[in-house]
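Scrolling down, you'll hit the structures one after another.
Next come two complexes, and both contain chain A; in the first it sits with chain B, in the second with chain C.
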Partner chain A sequence: MSDWIEACTADDIDEEDVMRFDHAGRTFAIYRSPDDEFFATDGLCTHEHVHLADGLVMDDIIECPKHNGRFSYKTGQAKGAPVCVNLKTYPVKVEAGKVLIQLAS
Partner chain B sequence: MTAGMVIIGGGECGARAAFALRENGYAGSVTLIGAEKHLPYERPPLSKDTMISPEHPLARTIAGEDRFAEQDIRFVAGTTAIGIDREAKNVILAGDNRLAYDRLLLATGAVPRPLPLAAASRHCACLRSYDDALAIRAQLQPGARIVIVGGGFIGLELAASARQRGAVVTVLETQARILMRGVPEEIAAVIAARHRQEGVLIRCGVAIAAITDKDIGVTITLADGEKLEADLAVIGIGALPVTALAEAAGLETANGILVNAHLQTSDPDIFAAGDCCAFPLALYDGRQVRLEAWRNAQEQGTLAARNMLGLCEPHLAVPWFWSDQYELGLQVAGLADEGARTIRRDLGDGAFILFHLAADGRLVAASGIGPGSSVARDIRLAEMLIARSACPDQAHLAAPDIKLKSLLAA
Partner chain C sequence: MDAALPASRDYSLVGRDSQRAVETGLAAAEWYYTDVPRKDIKDLMRREDGPAMRDTAIWLGSMVVLAGLGIVLWGTIWCVPVFLAYGVLYGSASDSRWHECGHGTAFKTRWMNDAVYQIACFMIMRNPVTWRWSHARHHTDTVIVGRDPEIAVMRPPDLVRLLLNFFGLLDAWHAVADMLRNAAGIVSAEEKSFIPAQEQHKVVRFARIWLAIYAVTIALAVYTGSILPLMLVGLPRLYGAWHHVLTGLLQHGGLADNVIDHRLNSRTVLMNPVSRFIYWNMNYHVEHHMFPMVPYHALPRLHAMIRHDLPAPNPSILDGYREMIPAFLRQLRNEDYYLRRELPLTAKPYREEFHGEDARAAAE
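Up next, the complex of A and B:
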């Protein structure tokens, strides 16, 4: 079973930026890439529990606001110290200006 | 080269260097010598999470034993190097055991600056290690009277943690205000107000005349004769670089082990990095600085490893540190005292950033405070502007609706 959840509208996020989305007791980060694609990952850094949506997006990298841990938000891959655990990613689609993310059940 | 790489110091910097040697393809032997019995661990939580976590706090290791094994890094715990024989290129360990090196990294860190008045006291503590943290934590009981000597980061983070554990906290500072070093007054005032709101008594401009142990607790006598009673006094008056080994080996030191921009000491086969070294910052005309900061320890450990392998890269990073107290997050990029004038940017929710500009308009530092990570993104962008010696438009800096990112593109 899969569940598509509306996270925000496409206009809520600038290009090369990120916003936080909380749903059902969980927290996610939704990204808009410089080439206008949308992505979603778990909202908290895998190093310390810090909200990634407060961090800086550069190209396809999200940088943790606290300790500069870097991840690819497209693949979730951790890019080196201090982060070594990858970030979980979620499928995203945009329909009628709405950004939907798929939370596997 | 056959003897391999030796790193003295099993903290953040030394551990990062060991792994960075492997990440950069080094296949020879790597030995990391740590004075503590623990695997290398992260120190930043010691004054915060380690103090307040409801469960018994574990040291947050930088890497587990499995990773040391997998990377073939030999970690020697609980061992102090007692000398360096530069001629033979040996590190001398206790029992006259010798360890040969091709290149040596000194990542010996810093130790708390001792307060001579507290030397004989059993009720005075310092915070540097995980073991120190556990000993202090055990005394942070509801109602316990804790006096913190020194209104710097360690003292204030500990004050916040002690309050959250229900202790009664007094902070004594000899200077006219807290955080004199490295934090602008406007931001120090926000932090002081937050502590006062939590009931922490901050007393600035006070000097200590005597510290006297009692059966239970300690009496701290101030210069004007007033006596403060405490169950525990924590001394947080700064840190001193650990340079004894370097000095005995005849390496140049001056408030730290002196290194060039490549982190090389006066002996080209010996490098130094992290809290223990004084290095030139190209960004500020080669100003010699020593940084006691987590990120610097990481960056310099990584860079030292690369340069031990002959890459010859200069340290160019912008200094950066953070502090968390209660829900407040402080971040500073650059050296604020290089600034001639200040521009303030308000981010809402009480969060703000001070941009410090040199007389010629260059952005040289940015200091920010606010709830959680609210200042992080703009501080990070400021750091990038500082790194490129940008002269941003002052009106743009002050206007929160103008994205800092757009100034980077300019």
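Up next, the complex of A and C:
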């Protein structure tokens, strides 16, 4: 069983940027790539309690604003110190201008 | 502000105050940040290679020229000013290059950051793995006693140690001891407290590479019967350290500890352009701690953007020392004393309820 949750509208996020989305006591990061694709990951860095939505998106990388931890937001892969644990990613689709993420219930 | 808490501080990373910081929520806490619009902070964080390529060419190019001059002029009085300049570029400018490239912000191109990081780490004698992790902790728990491994001036201040470190004496001594220990395959309990297990083998590998470089340099000195090789590699960490200590002590010296607002525990100091080049703009230290992913070359712009919310910067290095040295002397008698930074009327006030000892002291 899984749910598609509306996170934001496509226009809410600039290209090559990220925004925070909180839902049901959890926090997520929604990304818009330079190629105008949308992705979603857990919102907190796996290194420390820092919101990735305050970080910098460069190509397919999200960089944590606190310690320079870098992840691929497309795959969740940690790209080296100080992050060693991958990010959890979530399926995303855009329908009628709305960005939906799929959360397992 | 004089506080009345009698307990002395335990700076061990595995000791009493470390445990207490975790229990009270001071460790890995939510820190105060000045509001900056997303668009502006994105613009400030944006990476470029140009400024750091220019500065690195000047830095390393000057070192090559000065090293050549030093070799040519060796044995004459004229080599003294040459080595003084070479030493500052080796033993002080490497501190800021280690720092900025460790943050990954100096260059846009990753390998350039990594290459300069390795060079600078060697010069400043900081294991590139250990110090990457220790600095991450420093940013998580800035000047939190028992958590921050990079507190330069512990309380009560050890003034002899501070003076010796202007010539790198104690720092280099400890760095050599750490290198030998790591090269022997030993990672200490304190190092293990902030370096993940999967990274610890790299500490040993770099220590062994460095040991080999120093062994070759010493062998060359013995073979040639001259200390000249060591004047170029190793000793500049001593005779050129003074500038990075001069500027580095100002970062947090005499200010509050165990608070979660960088405006209370960090100091911004306006400096001359030569010191700013050597220091790579780390004089904007409150700004750097609030937004560590802003590259050094964008810090003056960040300062202009948020100074309404920060304590007034010290106008010079001299002014910074004029307030810091009396604070150190006072901390010899009362280690709970600190300089409380006054905020301008335009700033958001300090959150006293979050400031741990500060709040308790204020309440007594």
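Here is the rule we go by: the second predicted complex is superposed on the first by the 105 of 105 C-alpha atoms of A that agree within 3 Å, B and C clash if a C-alpha of one lies under 4 Å from a C-alpha of the other, contacts with A are read in each partner's own complex, and residues count from 1 in each chain.
Keep in mind that, in the parts below, a residue touches a chain if its C-beta (ideal position, glycine included) is under 8 Å from a C-beta of that chain, and two chains touch if they have at least 3 such contacts.
Please read these numbers as outputs of a predicted model, since none were measured by experiment.
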item	value
Fit or clash - chain C, chain B, common chain A	clash
Residue contacts on chain A - larger count, chain B or chain C	C
Partner chain in contact with A:Pro82 - chain B first, chain C second, else both or neither	both
Which superposed partner A:Lys66 touches (first chain B, second chain C, both, neither)	both
Partner chain(s) touched by A:Asp12 [first = chain B, second = chain C, both, neither]	neither
Chain B versus chain C as contact partner of A:His51, first or second or both or neither	first
Doubly contacted residues of chain A, that is, touched by chain B and again by chain C	54-56, 63, 65-68, 81-82
Touch list for chain A against partner chain C, complex	17, 47-49, 54-56, 58, 63, 65-68, 70, 81-82, 84
Contact set on chain B toward chain A in their complex	16, 19, 42, 62, 294-295, 298, 302, 322, 329, 372-374, 376-377, 380-381, 405
Chain A-touching residues of chain C, taken from the complex the two chains share	28, 30, 41-42, 45-47, 102-105, 129, 132-133, 136, 139-140, 196, 198-199, 291-293
Chain A residues within the chain B interface of the complex	16, 50-51, 54-56, 63, 65-68, 81-82
